[in-house]
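In the two complexes below, chain A is the common chain; its partner is chain B in one and chain C in the other.
Moving on, here comes the complex of A and B:
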């Protein structure tokens, strides 16, 4: 690829470039520090209840990050997100029980098979417009749910009773009983969450993300600019499905159980609502939404009116913050920066940070 | 350079384009396409660029039959276009979109395009927040990237003032000559077309009326009757 001779401006001066590179490098170190410190949270928070609550929020957050990525980059909402939560969860159990694989291999196989399944499904659905796309993915999840509960599948999936798993060997030296303990499972969930956040952020910031956003903005112009618009969208769908699959694997590892409920629209609905609450415009927004949502579910559940209060809270949050909680905070921050600097540069910087 | 052979596009029983054939042999020329509303000008552009599949006929560029080729392939091989309605990337800055397309098409001198279309002042602005005239210029600049051999511009001056239209055609003339690009321009501003174009094709009701030098087309009785009127 030839170098593009961009017009000179402050944004492309060598000094500015060095400052930007140095800033990016320090942000990476800071992020690595956060990841490293986060591993040791169970040393500070010793309550299994709270650890378990946050772990549930993080697992939901992983799924929400996946669908948030697809929505932000491609403008596609995956209603059938449960397909990529339930399928890998079942696959971990099936690979252990039916194929006799060790747990590490079972996890790898589950992720690989679920991602491959996403490629096949994506090849068919990413050509569709947003609403048909949403409905097609929903139909897929419901179809998988039906398959899982078929009488003929009962020996494999456990039917309506679900699949109780017995793992062979360990996952990264952790036994099945250890994985069920919140304090031990925490680093697994935390590192997986940080990895998918990094993956989604890098993909969004790369040229690939720019191609996706430009395609979303004007697909016809992209094609008339020499871009194939189908393959990048297929890759984005596959990436999103892979990220969601990680949450399914985490559920299987932590609970050693998979049921048809994981394939139900309600499971995907939690992730979708979490993404909307947190805001899909940033990589971290869906995670924030998932943590808030999980906390809300726990608090509202204690009142005995879980659905009622959840409904009221979700409507209130989405009505008050159409761009989600992080979208609102970002907007405030952008206004502050604009007021401080009185120019468009700050606002533009905020826009880039949001991506 | 470009040869259109018996090109036809039908929607059911309606023949939007009916057996149109013409040739643009030279490089570095502006070739105007004129005709009244419904003449088939935009359909002709769509059929040449692959946006719409012709029901009959062939399109040849530099001796190669490209009729069945997909749009991105045509663009990468040097055929670009702009649209009747401004077609840019809203939400991206002018810089982001020009650089994205430039990197895809290996544009060696983006700075020249930015300077020629006077986009430096709005280079870091989000494209949908700039003035309409600037957006039109971004649209054409996008079509100009990647050293296209053939550009098809569908009403590039739509919505522009007379002064802006003249300035736009002057920019185009300079770029077309400098870069050796052949540009097919659909335009309703007849004065601009006759002033700046090297050759003109006139259409009416999907059929070709005449192709030739501006003076020949202006004097053609069928063109006068169908489009120009006696005042021309």
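Moving on, here comes the complex of A and C:
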């Protein structure tokens, strides 16, 4: 986890670049080891309740990682996350029922179509400034929800009743009933999550991420310097939407059910809150937030005041810890290290460059 | 498809009724945005609070009392909102404030369900406004005419205030050039207390008016918030004139869509949003670019 949770720092000096590069390969091995060990968690934790709780947290985490990436790299907050959770979930069901595709193909088609949709929508919305962007994506989710519940779409989407799916064939040798079992579904969710984390981390560290952050800092100056600022942002939006779509596909695979609720304002709210609570400044932050959020949902859900607590959490976290839980912990850790060695300035400088 | 339906007086009036409700809400939203530079995602929740308070007050006293009392109560809520949320956070980024108001909306909603329950409630129009009236050959509910009158009356009052009073002039100045207005000696804190109270009071007014027109139910805040955001973006962020024009256009598109393509009407507002943003990204009005 450590390798991922580290902020994607830009190399601020040649020496630092060399240090990072020589440390990178060993970190990669460590990360692969963590991924490999994680697959076998169900062998140790056998309680289906806790497994499915963590799986829910991981699925939410995938979506949160996507929007966290977009927020950190571009400064754009996607309010309508639900659009890219619900759309691929419905597409998996539609591809299975209407096109008669096998499950593998249906999943592939759902991801592709959702990503393509993101390109089309993104071409319009990434032109907008952050605030109109937030509202436009919110409107997009609401629009998809209206489409899904249209009377004319009822034979396809099931309207307000939702779409119960019957999969054809298997997903990577797993049948529909097996996918519903937490212990069997765990590796699928785990590997998807790790892949998504790696993707977001690499994209953030690459030159691409640097361009995005520089554009966020001063778009005009980037344009003067001869950079195209539109295409990288579009790619970032598409990437974020793809990551969120993965979470939608996971939901469809696990529950074999899609409903208009998935496209609701509130579903997007969950991922958004999770990302903010965890902190968007690091790749792993949104995941931490999602796990905390799912735990909180379980703890407070019984009291029936879930939304109330969610709202209070959002207000408190943003007012008191604008960087989220991980950002706060990292800040504490850096201050500690600075007090110990007096060498925290370089790290802070690098961190500052990454913002 | 009978095109003459489009020019039906009743349809026209329906469009105006929806538009007047949206105008009241969107102008409040635009006012707060102009002055505090904050998009209030809690506006839908304030409107819902207004509607539920309106339900209670009209049951205890009368609808007319609700029409006076509830906006005042909501203005009080607005004062708290300004002093406890917007003012301490004015140095923070726009997005932070937007997210906090979003969080507040999540808090206000369940608090309302706790008090009034989640079942839809209905508010009766007062006897004087019940029934229908002959309007150029068709029967039309009196209450909707009243709604149109109050809605546009409120907008005219707002426009007059903005144009002819000192505080209105200051509000316009701050909306356009906050720094320069402050340098010229406008006390933005005192002004924004007034303007935020006005904005939330308008949300309360819209809530009370919506009672007999739509039903009072738990989903009303979220659904109208989206419409309002569309109106404000289409009208140009922070531009009050633009918001009024956009609300009227929104009302017409919604109602005409319902007549022409009943199944696709729900999509019309979103299409409007996308078309306007492609054609004129800054919206109708001369608002500050956000």
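Simple rule for what comes next: the second predicted complex is superposed on the first by the 312 of 355 C-alpha atoms of A that agree within 3 Å, B and C clash if a C-alpha of one lies under 4 Å from a C-alpha of the other, contacts with A are read in each partner's own complex, and residues count from 1 in each chain.
Methods note: a residue touches a chain if its C-beta (ideal position, glycine included) is under 8 Å from a C-beta of that chain, and two chains touch if they have at least 3 such contacts.
From a predicted model like this one, the values you see are computed outputs, not experimental measurements.
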item: Partner chain in contact with A:130 - chain B first, chain C second, else both or neither; value: second
item: Which superposed partner A:217 touches (first chain B, second chain C, both, neither); value: first
item: Which superposed partner A:225 touches (first chain B, second chain C, both, neither); value: first
item: Partner chain(s) touched by A:207 [first = chain B, second = chain C, both, neither]; value: first
item: Which superposed partner A:77 touches (first chain B, second chain C, both, neither); value: second
item: Residue contacts with chain A in the superposition, chain B compared against chain C; value: C
item: First, second, both or neither for A:147, with chain B first and chain C second; value: second
item: Which of chain B and chain C A:155 touches, first, second, both or neither; value: neither
item: Common ground on chain A, meaning residues reached by chain C in one complex and by chain B in the other; value: none
item: For the chain B and chain A complex, residues of the former touching the latter; value: 49, 51, 70-72, 75-76, 80-81, 83, 87-93, 95-97, 99-111, 114-115, 120, 123-126, 142-143, 145-146
item: Chain A to chain B touching residues, read off their complex; value: 1-2, 4-7, 9, 11, 207, 210-211, 213-214, 217-218, 220-221, 223-228, 344, 348, 351
item: Complex interface listing, chain C residues touching chain A; value: 39, 89, 92, 94-96, 98-100, 102-111, 222, 226, 229-230, 233, 237, 263-264, 266-267, 269-270, 273-274, 277-278, 281, 289-290
item: Touching residues on chain A, where the partner in the complex is chain C; value: 75, 77, 79, 124, 127-132, 134-136, 138-140, 142-143, 146-147, 150-152, 265, 269, 272-273, 276, 305, 307-308, 310-315, 318-319, 322
